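Read through the structures below before going on.
Okay, so chain A shows up in both of these, paired with chain B first and chain C after.
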Partner chain A sequence: MAKILCVPLDPVHDVGIKIINGELVKHGHQTLLLQPDLPMETIVKKASEGEYDFIMVSRTLGYGVAELLARFTDLLDAAGIRERSKVVIGGKPVTPELAAELGYDKGFGAQSSIDEIIAYVEGRELPKEAAGLTRTKKDITGGYSYRFFDAEVESLLNSICDKLLAWAERRTSPGVERMKLRDAMLHTADSAAAAESRVRYNALCDAVIVDANHHNILPKGVRTVSNEELGALSSFLSASLPYQPVRIQHNEKQPVVFKFLGSGCPIMDITHGKICERWGINGFLIINPSWEARYEGLIEGCLTHENDGTITSLENIRLMRQSLDESTLLTVRAHRGLNTPETVLLAGEAGANLSKIDLVYGSLGAGTDPERIVVDGIEAMKLCARYNMAFDIPGNDELSGVPAWKTLAGLLINVMLGKKLGAKAILKPLFCYGPHIVLNGQMKQNFVDYNSAKIYALRHIVDCPIWPGEPIAFMTQSEERIQSANTTSYHAALAATLGVDAITIASTDEAYSRGPICITSRIDTIRAVTDAFRFMGDAQIAPSPMAAEYTDELLTKIKDVLREVAALPTLHEAIYAGLLGNEEDGAYPGKFGAGTVTLTM
Partner chain B sequence: MNVDTMTVTATVGGGHCFSWEMRTMNTAMNSVMDAIDIETYIVCATAAEGKTLALALGREMNLGDVDIMFEEFDGYGMRLRMRKYIYRPGARYEWLAARVKA
Partner chain C sequence: MVSRPAPRSGACFQSPKMHLMHIIGIVGTAKNTGKTTTLAALIREAGRRRERIGVTGIGYDGEEIDTVTGLPKPRLLLQPGTIVATSERCLLTTSAEYTVIKRTETHTALGAVIIVEILKAGLMVLAGPNTKRLLQGLIAELEGMNLAALFVDGSLNRIAATAVVDTMVFSTGASRTVDLSFLAEEARAIISVFKGKNYDLASSPLGIALHDASGVLVKHLAMRSLFDADDARSAVESMTVPPASMVIPNMVSLQALEYMTERLRAQPHAPMAIIVNDPTIALLAGEPIAVRRWMDSAAGHGMSIGYRHAIRAAAMTVNPFYPCQHDHAFMPAYIDKDSLLHAVSAAVDVPVYNIMDEGAASALYELLLL
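Let's turn to the complex of A and B:
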């Protein structure tokens, strides 16, 4: 047990030292807490009257305070107190260097924890577990039954999905066939068989992919990451240990928080990722280059890219997976383009935790032909089941201007398809300033009601995890740093109060389109969300009564859309017909891969 | 600037061990992970003057051409967020080697 004099050497503030005093008492130490604004000579007299092991001084720093603090240690010296007592200074701006400079034995600042202070008083080192990440991986889908509560919606979705699966059963695409060949190449020990699969794989690829994989002619701005760079990265990571990892969540109910990674360079992504892990980020989504989606076939190797988007090769995904902490969730997007099944295969092989598939948005907002994306998407969902990877369904077609009820209807079709194929889906409604909502004045009063209504409507229909995005607060952010951090944190607070399972947050330079995202901007929004979660705790944001009206409207219109879709033979015909978003909404069925679906033998 | 040569040994996936000579230049600028952001308020009479001064400030700080990420003129002056990228993705990052050496 130590004997400690706690001194608020401050005219007013003594909250910090009161908290520390309380903790010291809880740990069995004997303390005397003085009142604020005592003359220094009185404090020194008190200190000399007791046999204190520690004199703990708390002070908010400001102009002239350094001199005052130095004078205090001089007085303690003169009174002979320092021969028996260690003198400690605490305060938000205090650093170890400043404490030493002012003549104190130890300093604790804003980054210090109570555990550190107690450990110091008790003369022990903090246990090693205090450094490094000690969290466990969150299962976002855990505890969900995927039961539909609304019988009519369930019946309509059964009809839509059963017809689609029956139609797709005898159809294939170059994307599906390449995935099968890649699967065979990855799992055969027979080199002749692998070589034959390779020839057939190449025959299904665009020339640019074959050139890259076999003639070392890489697309502009792409280069192979050298062994030297990989080695330096490995050494960099092993030489660095996250200092006092932070938790974003204030309680277990608050959502896990994801960020995008997709600078183009896996080394930059990983270093950003490791720093974000330290600040508490729970997961990442790899953003791939937009051109990757347009080609038949994927480039192989550990590759870096000078422009937006990191190439989703097996080697790149594997490097990222192996470099990130085991508790960190990694999502590989496969929702757009001509390589959906193969991307999920590679994600599964590399040990990724999640993928992203959306048969509707993949066409309406991401450029792939509807017939092609439904065939590829079904195969991708089967792979999610095989690798036990959940997949999220991004409702970002709303960003084009598609009404929320059409987008939500599309999300629900994907959920039911996943359920029938053994894959667990995660609903990802847009959680921001949606164009259609704005045009209709439904965000005129506030941003809370309509965002809440989407969550309420989905909860009313199905027991399925919800991960709003993507990112939250998108379209509300500007290039102004504080504004971006603020609006992200407000949306995060609302998401937390709605009890969603995860959120994706942007950085404070997300709206800046002329350069890559930098690490300080990433940390900005993490800090903002951490504070928002702390602020909210288990309290609630109360939407206005309009939220209930919006919820009812969504439920009615979602059913209307599903009835129309169910009346057509297949889902892709409904997409071509504009039932889930049309030209008037700003949504156009994609054209990549049109005419490539064929009947199987 | 401290130019140095060192031998680095590292293990990457699969347990394969690499050794190589690496030339490092340890400067503060090379230690910037990706970009430098400058936030300030410039006293100016017009938005155009504010932008001109912002770009001049970047040059005076030996940063060359900086990007103006955000500007907000309020009649008294201009609130600014400027950025200079030191390393863009795909570059060879000096800090990676320097950290290994440390």
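Let's turn to the complex of A and C:
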């Protein structure tokens, strides 16, 4: 049992020290809680009379207060009290550095827990969070059976996917062939064989890629990350441990939280990533540049450029993977463009945890020819199975104006296809104010019912992880940071109450940054979501009866869409026909890579 | 008092000219008064003169950004050969290369205090022992390391931990107040307090000790400090006659001192010395100006203050910078540096420097070490 003097060294506030005093007493310690606003000499006299083990001081901080707190430690030293008593300071802004500056033996701040304080008093070691993140990597797909509950939906999906796989079995594309050549180059020790694969690889690339990889003529704005920059990053990483890392989740059931990375510069991405890790982010999605999606082939090397999206290369992904904490999940976007299989290969080789594939959105929202994307996407799913990487299916075609039921039908096709190819999918319904919803009024009364209905409908159909995105609250945010953080937190609270597995959140300046996203805006939404999770705990948000009506409507219309798709010979023909989103919806089948699918021998 | 071994000659450095390790504290009247800038200048001087020194701090200093105001702070660039005692967490972020000499038993809020020798110049934050007993222990650890001096960086307005130094430099400036006349008066008061008589007493009493004019112990009180007027009344009422000296082992407050002068003023008595450990105890009794006023008033009634361990107040430095609050942020601001220097110089009889002035660092270094 320790003997502790609790001192509110403050004219008014003593709430914090009262709480701590109560906890100390509960733990069997002998305390004396002084009243606020006592003269400092009186407090020191009390401290000298009691032979205390600890003198715990709480105080709010402002300019000039530091000198006052410093004088207090001086008086304790002068009175000989520090010979036997440890002097501790607590307060919202207190850090170990500030405690040291003020002359205290220990400081507890806003992130300190009661457990830490009790452990310190009792001389026990708590796991030192300041020495690094102590969390474990979350398996988002763990515990899911991928069983379809609706027999008709399962039957329709089997039909759609079996026909597609049969059609694709004897077809290939430049993207698939490049992936195979890259795979060979990465795994052969035979330099002659590697060189031959290289020649064949180049033959399948656009000239701009060959120029970059072999003539060092990089696209405008792209450059190699310098050794000096890599050295500085290494120093930063070796010198910086997550200082008082925090958890976003208030309980284990609440979803893991992802953010985007894709500033164009892997060094900046990593720097932001490390800071976000400290604030509790569980994972990141690497966003690639839009120009990269248009070219056949990928540029190699550790590369940076002054544009949105970080270049997909083995070196860039590996650098990010190695720099982020092992517990942090890393997703590499592969659904967009002409390099889907090779991107998944590189992600797997670099140790990424997840990839992103969607045969429907990859065409309708990301511009790749449907025939090409289905061939490439099937191969990418096989690679996910090989590397034991789950893949998420972004339902962002809804952002183009596609109705939710068409998007959800597309997601389910991807789930079944992944299941047949041995890869675990994660459903990613849009969790925001999509254009079709704006036009048709499903969120006129509230944002709760329709977002909930999408989750209910998917849960009704399949036992599969759900990761709403992307990001949540999109289209409800404004240029005001507080408003954006608020609306993100409300959507996060709803997602948590619906029991989803993960969410993606934007920064508060995501849509308005006019350049790279700033780190403070990233922290805005993380903190807002952390508070939302704390606020909700295990409580529930109750949707109105409209949610059930919307769920029924979605289930009916999803089946209608699947019936129409199943009636056509292949999935890509259904996409061309607009069954999963048409021109009236605002969705157009992509044209990149059109005519490049060929029959294999 | 710390024993001073004869220094050994160093391989890379000139032998110290003195055969004692000077222990020099740099303390301030407030935050941002220029302690770190002064220390940084003295470290540069030591490097220029190729003299081997040690540095430590009683708080947390040398960081890039002020922990309270958020404004940039002066950094400490340490030269090869310098011995540093700082907390282990500060070593995580240093840009200097160093070798660990010893991990001490002393702990701060930032971990164990570790003694290192700088191998390659770099920036480092200082967070060393935070009490006088712990600093005394560090000084003992550094004995025999052939150091010309140990510089002890203060923190904010803290002074108690530096009670074991032998020389002090006081930093004051606009961060304390922009009122020049107050700064000058406070500077005068601080230097005056250090001029108390030195009493070479054999040992520290367990409680307050009262002696007669022959130095004979006439009374021993259980109290070790006089915190307030009640304590002072108890002490006075225990006296049959006012003693020639009252030795107070720990602290005394201005309230207690004022009570005693008030009670003894009307009573005829021989000169009486109130003896505390060192001048830091007198400065901690109250605001320096009020303490000096008490000293002046007490002298009129035959009372004085003295010290068992005298400390030389060697110089003052002045800093025109202050953090000016705008809305919820601090912005850097300055008062006229020449007016500040002249005002403080006119008030004290020790040298006063604006350490940023050409030649000031060299002059201060010579004053302290030569």
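The rule is simple: the second predicted complex is superposed on the first by the 492 of 601 C-alpha atoms of A that agree within 3 Å, B and C clash if a C-alpha of one lies under 4 Å from a C-alpha of the other, contacts with A are read in each partner's own complex, and residues count from 1 in each chain.
Here is the rule we go by: contacts are C-beta pairs under 8 Å (C-beta built on N, C-alpha and C of every residue); 3 or more make two chains touch, one makes a residue touch a chain.
In this text the structure is predicted, and so the values were computed from the model without any measurement.
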Touched partner set for A:M185, first chain B, second chain C, both or neither: neither
Touched partner set for A:D77, first chain B, second chain C, both or neither: second
Partner chain(s) touched by A:A239 [first = chain B, second = chain C, both, neither]: both
Partner chain in contact with A:L98 - chain B first, chain C second, else both or neither: second
Touched partner set for A:E228, first chain B, second chain C, both or neither: first
First (chain B), second (chain C), both or neither touched by A:E306: first
Which of chain B and chain C A:I519 touches, first, second, both or neither: first
Which of chain B and chain C A:L38 touches, first, second, both or neither: neither
Those residues of chain A which chain B touches in one complex and chain C touches in the other: 239
Residues of chain A touching chain B in the complex: 221, 223, 227-236, 239-240, 263-265, 267-268, 271-272, 304-306, 318-319, 322, 478-481, 509, 512, 514-516, 518-521
Partner chain A, residues of chain C touching it in the complex: 30-31, 58-61, 63, 67-69, 87, 89, 92-93, 107-110, 127, 130-133, 155-161, 163, 224-225, 227-228, 231, 249-251, 253, 255, 280-281, 284, 323, 325, 330
In the complex with chain C, residue positions of chain A that touch it: 41-42, 44-45, 48, 61, 63, 66-67, 70-71, 73-75, 77-80, 82-83, 95-107, 239, 241
Chain B residues touching chain A - in the complex, by the definition given at the top: 8-13, 18, 20, 22, 33-35, 37, 39, 67, 69-70, 72, 81, 83, 85, 87-93, 96-97, 99-100, 102
